[in-house]
Every structure is written in C-alpha cells, then in structure tokens.
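What follows is a pair of complexes built around subunit A, which joins subunit B in one and subunit C in the other.
Here is the complex of A and B:
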C-alpha cells in the first residue's frame, strides 16, 4: 500500500489543481484573517482567545476563515478524489495495476490516505501562515489553550475534508466518466452547502410554523426540527464542531443553549468539555466517511477490470 | 501439473454469452495461441484466468491456484499484457516500471536494477527517462512487455500483443516471445487474430468461436482434422480440355473441380490421387505435377467459421 500512497501523494502535490486550490484558500484565507486581525488589533493581550477569533471573525465583507473552509473545503476534498478510479479505467492503467499482487481495497485506501495527507499538508500550512500573520499584526504569541484548540480545529477540518474526499472517490467508482462524477460531486456539495439549509427551514416552517403570538415552545420545536434536518449535513456537523472548539464559551446547540447564554454570563469551557460537546459531530463525520468507503468497497471489489 | 486448467468455463453478461463451456489446458513451457474472431470470448477468458472477472460457472486453476479465491497468489507469478494497454503519461518509462516493481514489493535497489535490465531487453534503454505520453504505439507495447517481465513471471498472458504494430515491430515482438520461452522457460498464453503470426510461434493453439473452443492442437493436428472432412489436390498437366475435367468430375468421391489457368484444383472427400493420375493419362495428356495440399492456419480457420 505504501507504493500506492507515495505515488498518489507525489501526483497530488505536483498536480495543477492542487496548487491552484492551495493558493486560492491561501489568498482568501490570508485576506480574511488579515481583515479579522485588523478588526481585533485594538484588543489587549490577555483578551480571551484572540487567536481563535482570527478564524471566526469576519471583516470587510469577506467571510471568516472558518466559513470559507466550511463552504469551499468540500470542493477541495472532492477535487482530489472525483477521478481517482475512473481515470485509471479511462487511461487503461487499471488492468496493469490490478494485474499486480495488490488487494483492490488497498488501492483505494492508498489513494485515500495520499489524498488526506495532501489535504492535511495544505490545511496545516495555511493555519500556520494565518497564525504567523496574527503574530505579526497582534504582536504577541498564542497561549497554550489557543494552540491546543487550533490543533483540534485542524484535526476536525481534516476529518471534514476527508469525508468529501471519500465521497469523491466513491463517485469516481460509481461513474465511468470523470465529467459525470465531477458534476455529481458538485451537485452534492451545493445540496449540502445551500439547499439543505433552505430545506431545513422549509420543513421546520411546515411542522412548527412560527406565527405572531406563538409560545416559546413553538420556537424551540422549530429550532430543534431545523437542527434535526441539518444533522444529516456534514457541513452543519463541521460548523457545529468547529464552533464549539473555536468559541470556548459555546455550550451546545439549539435554543435552550441560546437562552442560557442570554441569561447567565458564561465562562469558557475547558478543552475537554468542548470536545465532549463536539464528540457526536466528529463521530457523525467519521461515520459518513465510513459509509462512503463501505459502498466503494462493495461496488469495486467485484467489478470486472476490463480496459476498453 | 498444467499451468492453466479450465473446465466448463462459462461467463454470461446479462443474457449475452461471452464464454460458453470452455475447456482449456496450457502445459508448462509452451506457447499457446488463443485464436478467434472479434467477440469470440478471448479477452473474457483471459480476465477469468487472472481473477479480474468472475466466471458464471466452471473450474479454473492457474499454477494450482483458483484465481477467484486467491487472486494475489496467481498475480505474483503471472504477467499480463492487457489488450488496451495504458501507462501514466506524465511519468517516464522508468518511473512507470518502478511503480510496478514497488507494487510487487521488489526492494528499491533490486527494482532499479531490474527496470534497467528489462528496458534494455525491449530496446527502450535510451528513451527510459522520456515521458510515456510521447511514446509511439509500438514503443508503448514494448514497454508493456517490459512491465510484464519485471516481476520475472512463470506464466505470461499476452492479449493481442501485436495489434496495431507494424510488421517489422510485430516480428521483433514475436521473436521476443519465443526467446522468453527458450531462454527463461516461461509458459506463454497469447490471444490474436493474426493467424500467420500465431502459426509461426505457437506450439499449440486453440480456436475459439462464440465462447467455445472448437478445435485445439498443433498446426498439424488442426490440419488433419480439417483434412478428414475434405482434401484438395493441385494437378498440372500438359493440356487441359473439357473432356479431362469431365473425367475428373466422374471420379467417385470428388466434390469439385476448378480450373485456374493450367492448374486444376480438385476437392474430394478421400485421397483420390491414383484415380486422378489414371484419368489424366487416359485423356491423352501428360501428368506434370500432382500434389496434395497442406493447409495454412488461415485456411483451417476459415473452414471452421464457414461451416
């Protein structure tokens, strides 16, 4: 498997599309951080979790780095995966590779690991650049809690992108044409980043319509139904998880937590507590990835390897 | 133990029969040619032997292993040149082969040595570091053979190794295949529809038609099978006239008499040479030449498919 891994990793790191996307996030991420840092630079040292706010605060019309990654991250994951297998069929290399003594699932795994390593390298270097930028503008270093939360943010982001990578690979197995799998990937991406939010709102409006004069319980129900629908979206899972990590005061989800926040002034949770809150989301992301893998295996294991 | 032993092999593609009860035995150290028209089921049979597709029914053993159950054991000792061969175009010839070597878990140093060796063997040593995307069809085919030899297989399967190659290149490839048998003792199974090529290098061949093996054996054996049904003779005489042709047609067992210039071709269901000689002498002409015809594979093959 290591042979596959190293070859694919070299392919990714040298590929035009990887370089293009890397610089795209670098530029947008850098710009949004710069604006965020400008907005925050009046803050004194010791103000809480200022480095974490570099990722979440938006300024000057640009989305925050977190918002940007949640929205465009999937595209990057999918781009590294959507032609993983079908391009091998189209090039006629699949017969040669699978005539060698390797298991078919190793081949997929090797490709996945190479893709996620490339993604991790990209995300890590961009986060480091952002922190460096923060250091330059703010003039003081991050503290331990900020570093450990940033590391956690990194891990969750890689898991999130990993899901999209596995979805891309799945489509590269299901669809023979790379153009088809690219389109299908984009369709799923748009569905989860845009349409599901609308759909969740619609469903909630249907089940628990909010009219003037309704009680708090209807609001709560409306919110919880919206959340329930969104629970199916990896984008929402990622946003919830990273919010809990990057905003240490964040207690949980739904209207109950929201009401609490208003009534009692909250103190930041320790990292362990925050992790506990995001645990289900993290497990959800990993489970979705596993589903993609399971389907990929089932389809690919018994497929006929004929290069035409 | 035979290298390939297949019994009652069947492969259906939702309704389409690709392979239909095929029996195949390839012995150690021979070059076996699988012959058949397009769509006969050659490639499908090969895919089954490699575990790249599962048979609908039937038993297969390759070097003693079941390719559907133990594909890795088969692939460790079997080299395969696919019909539509592809390489990673933006890697060099050497890099492509190194990747194959690593997939076979050949250690780095040994891999580099072997890659250089096989590239020399197929005559690509001086373009080893060029991108494969710039290679011609023939060069890719030779690179494919290098790729197959890299793991030093016991058994090699070549699906149409000379298709799309010019005659000179084809001769080179065929010679290379013969050398593999003679110098390295490899067993080779190749599929083709280029009969004269197969005829030149194969020890035994099988004719496959609509998924069935309709005949099998050496060239001589295949010819004998055809001859049992019908024989053909060429007669050259000093003078040809209608009377002679009539006399020849009158011989018992003769099915057809055709005149081609001063040559008369006689088809018959038995060896009628003595009767032909007598008929010629009796017509008053001199018998200059009378020979039984030996079949080329092409004729044998066409005979099978014409009926």
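Here is the complex of A and C:
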C-alpha cells in the first residue's frame, strides 16, 4: 500500500493544479492575516490569544483567514479527488495497476491517504507561515493554549478538507467522465457555500416569519430553524467548530447564547470546554468524511473491472 | 374817569411815538452785596446784568475799591477771562452773569472793604452802580497753616486690594483741591523695592506724573502698581503722595499678594529642545526610562506632590522619586525638577500605540500629561518568525521542484 501512497502523494504534490491552488490560498490567506495583524496592532485590551485572532479577525476588506479557508479550502480537496479513479479508467491503467500483487482496497485507501497527507502538508505549511508572520509582527511567541488550539484547528481543517477530497473521489467513482465529476463537485461546493445560506434564511422566514412586533420566541425559533438548515452544510459545521476553537470565549451560536452574552462572563474557556461546545459539529464533520469515503469504498470494491 | 385814562394813554403813546426813542433800561446788581470772607478764601460773587430795554446795549465797567485786592470782573464760564465790557442782549432771558473776584492781600487786616461797581452804556446815557461790602476776617497764624494742609484731600474707595501674584493692583484715587485756585498736583508713590508704579487718568491709558485740578474741584486718577516677578505672598504697604504748591497729602494703601500655584509637566524635548518628546518608543517587556520634567509656574511652593499613572493593563510604570515634598516656584529654583519614569510594557504587548496618562498631584495643584508609547516588536522573536517562514517556503519549494520534475 505504501507504494501506492507514495506514488500518489508525489503525483499530488508535483501536479501544477495543486501548486496553483496552494499558492492562491497562501497569498490571500497571508494577506488577510497581515491585515488582521495591522487591525489588531495597538488594541489596548489584552493580547490574550492574539495568535488565534490572527486567524479570525478580518481587516482591510479581506475576509479572515478562517473564512477564506472555509470558502476556498474545499476547492483544493475537490481538485485532488475529482479524477482519482475515473481518469485511470479512461486511460485504461486500472487493469494494469490492479494486475499488480496488491489488494484492491489498498489502491483506493492509498489514494485517499495520499490526498489527505498532501492537504495536511499544505494546511500545516500555511499555518506555520502565518505563525511566523505573527512572530515577526508581534515580537512574542504563542503560548501553550494558543499552540494547542492552533493544532486543533489544523486537525479540524484537515478533516474538513478530507471531506471534500472524499466527495471528489466519490464522484470520480460514480461518474465515468472527469468533467462530469468535476462539475458535480463544484456544484456541491457552490450549493453548500452559497445557496444553503440563502436557503436557510428562506426556510426560516417561511416557518417563523419575523414581523414587526413579534416576540422574542419567534426570533429564537427563526434562528434555530436557520441553524438547523445550515448544519446540513459541512461548511457551516466547520465554521462553527473552528470558531469555538479559535475564539476561546465563544459559547455557542444561537440566540440564547447571544442574549446571555451580557450576563455571562466572557472569560475564555479551557480547550476541553470549547471542544465540548462544538463536539456535535466535530462528530458531524468526521462522520460526513467517513461516510463519504465509505460509500466510495463500497462502490469501488463492488465494481466490476474489466480490461477494455 | 374813563375818558381821562384814555387821554393819558393817547398822550403817552404820542410822546413815545414823537420822541422816536426806544425804551432803554438795564439792571446791574450783585446777588449778595455783603459777604464775610474768611482768610485763605477769595471773593467770588455773581454779578447779574439784565437789559430791560428794546435794543442791545454795550456796557463798560468800572470798579473802585482797594487796589491791592485786585478787584476784577471775569466771565463766569471757563476759561476765566477778565472783562472790561459786555454786550448785553435785551430781555430777561438774556441776562448775563459775571463773576466779581478779588483776592485779599497777604497782609490785609480784618475789617470791611467796599468796592463800588459801575456799569455804563457805551454812549454814557445810562449808568448803574452798586456797592459790595466784604467783611474780611483774619484768623490766627496756626489755623492758617492747618488750612493750608487741607488744601488737598485724597479719597480712595478700596484702600486694600488682594491679587494673585503677577497681576497688577489698581487703586482709584480721588484728589480734591479745596483751594479756590487751580493747581497742578504732582503724583508720587512709595512702593516696596522692585515694585513698579505709575499713574493714569481714570479713563485713559496715558501715563501721567501730574494732574491739573481745578479750584474746589476733584479729579480721579488711577494708581497702578505692579509687583515684581516672583513676588512672595504677603501684605505690602504702599503710599501715595500728592503734592501741589508745597501742600502734600499722603494716602496709605495696602496690597495683599496671594500665592499662585501652577504645576507644569513636560518632556525633555519641551524643556531643552532635544531628547524625548511626548511620543516615545519602547519595546515589549523592556524597561524604558522617560525623564519627566516638573516645575512650578506659580509663586508659592506646591507641597506633597504624588505621581501616578493610568496605564494599559499589566504595564509597569514607576516613578523615581516617588513623591516630592515641596516644589518651589521656578522663579526661585530656575530649573525644572527631573523625575525618572520607568515604563515597562508588558511582555506580550501587541505592537502599536498606547497611551499613558501621568498625573502629578500636589496639595495645591495637579497636572496631567498624556504620553504616547509606541511599542515595537522584540526583534529576536521577529527573526525567529522570519526563519520559520523561510524554512517552510524553502521546504515546500524543494518538494514541488523535486516532485514536479518526475
């Protein structure tokens, strides 16, 4: 399996499209981080978790690095996965590969693991560059809590990008044509990043319309329905999960938490408590990724492969 | 009876009409023809002329009486001019008032003196005369001198003023000339050493050293005193002296100077023109000494000066010395006192501008100063950050290049 893994990893890291997307995210992410550091500079309130704020604060019109990764990160995952299987079919290399003395699942497992590793390398290097930039601008190192939360952020980001990778692989198995699978992946990406947000607002407006003079319960219902719809999207799950990790005094979405913000002290929570708040979202993300990969695994294993 | 009256009227009219002469008559009299004159005073009487005729008359005067009294007639309005004649318009409304004046000679004895005043029309047709009698009363020698001293009187409404140091004192003084004649009054002042004094008319800024006061009249002047720079608080006596014709009048005044307290803070650049301004640079976690200059612009010492600073959270700001027992006015110390302010930005201060407000609070005055501290990043960690970026980029480039060539 390691032979497949290394070969695939080398293919990913050497491919031009990966390099292009990597540098796109690196440049825009780095710029947004730099602007965030500028916006933070001279803030009189404490410098608690300043390194985490580098990821979440937006400045100068650019979205924060977090928002950027949530929106464009999926493209990298999809790009690495959408032609994993069907291009081999189209080139007629499947039978040649599978004629080798390897198990059939090694092949798909190796492809998936190589993709995940490539993504992990990309995310890790971007985060490292941002931390280096922070060191240069701020002049003091991150403390333990910041490091552990950043590591957690890294893990969640890899899982999130892994979902899109497995989605790409699934489509590459389902559709014979690479163009079809690419378009299908992009359609799903657009649906989850753009349309679901509109849809959530629409559904909430229909079920619990907010009119002048309605009570707080209607507002609460409106918000909860909107959240409910949004949580079908891995993008929303990822944003919620990372928000809790990167903003230590975050106590959850929802109107209840917002209303209580005045009464609850906004002291930062320990990492464990922050994880507890977004545990459902984390489980959801991992589950989505696993289920996605499991489906593609099952389909691939049951597929009849003939040399053509 | 009736016819007789008519006839009389007719005759009277015909006589007047025939003579062609307009009616001519005038009155010439003194309101007070007999007066008592004490020593030191002059005769000053109103003499009235009224023309009862129909035409204006030109009147000439003659005065008979003791020549050494210098009897004369003068206009009643200022400026006083001796007159020998007068042009008198007809009518009671146009009556003329002139002054009869005479001054008893130094050696005049007590007794009655008579002056005969004659008024005659220019053509000599009409002549009126009357006599003025002056009963002169000479007094004893001593009382004469006292009378002389009382020739000038000084009045002031507010003889004691209180002002903070550095401000001038203004006394409004009324000079009364009790003598009949006008006087030039010399103005002088006795003030403590270093004080400056000058005089102005009441409503003008012109500085004067003497003023003319009319007889039996008074003038207001302003006596302005400026204490010297850095005068200590306390009470200072001032004397105002007015003298005229050997007569001198003194007025004792009092000026109370209260102390002022004006605490000032400044940076080195403000005091010496170089060095730290109020915008200083510091490095996170590193000690920074800022020299704070403090001085007292007032005139009295400020005591018990404490320092404190409002600063960003977790910063350290210390003062050396922590407090000053007393700060004398800069006029005495001549140079500001230096207080060393030790500023330590906290270890994890985000680079940027921070504001520190330094307050010096004494018992009498307090002053605050805002200090802007620009915190720069510690460069040691900055280089480590650069190294991290370089290593990551180099590693990635290596991977891309090596794998991309396959």
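In the analysis below, the second predicted complex is superposed on the first by the 301 of 308 C-alpha atoms of A that agree within 3 Å, B and C clash if a C-alpha of one lies under 4 Å from a C-alpha of the other, contacts with A are read in each partner's own complex, and residues count from 1 in each chain.
Note that contacts are C-beta pairs under 8 Å (C-beta built on N, C-alpha and C of every residue); 3 or more make two chains touch, one makes a residue touch a chain.
Just so we're clear, the structure is a prediction, and the values are computed from it rather than from any experiment.
Student: Superposed on subunit A, are subunit B and subunit C clashing or fitting side by side?
Tutor: On the superposed model, which is not a single observed complex, subunit B and subunit C fit side by side.
Student: What's your read, subunit B or subunit C touching more residues of subunit A?
Tutor: C
Student: For A:305, using the defined touch cut-off, is the partner it touches subunit B, subunit C, both, or neither? Pick first, second, both or neither.
Tutor: After superposing on A, A:305 lies in contact with subunit B but is clear of subunit C.
Student: Output check: A:206 vs subunit B and subunit C. Expected answer is one of first, second, both, neither. What do you get?
Tutor: A:206 sits against neither subunit B nor subunit C.
Student: In the superposition described above, what is the shortest C-alpha distance between subunit B and subunit C in Å? Please give a whole number.
Tutor: Comparing every C-alpha of subunit B with every C-alpha of subunit C, the smallest gap is 6 Å.
Student: Which residues would you name on subunit A as touching subunit B in one complex and subunit C in the other?
Tutor: none
Student: If you look only at subunit B, which of its residues touch subunit A in the complex?
Tutor: 43, 47, 50, 52-54, 72-73, 75-76, 78-80, 82-89, 99-100, 102-105, 144, 147, 151
Student: Contact residues on subunit A for subunit B in the complex?
Tutor: Listed in rising order, the residues are 2-4, 7, 91-103, 302, 304-308.
Student: Inside the complex, what are the residues of subunit C that reach subunit A?
Tutor: 283-285, 312-314, 346-355, 376-379, 381-382, 384-389, 392-393, 395-396, 399-400, 403-406
Student: So in the complex, which bits of subunit A are touching subunit C?
Tutor: Contacts found on subunit A: 10, 13-16, 19, 22, 40-47, 50, 121, 125, 128-129, 131-141, 143.
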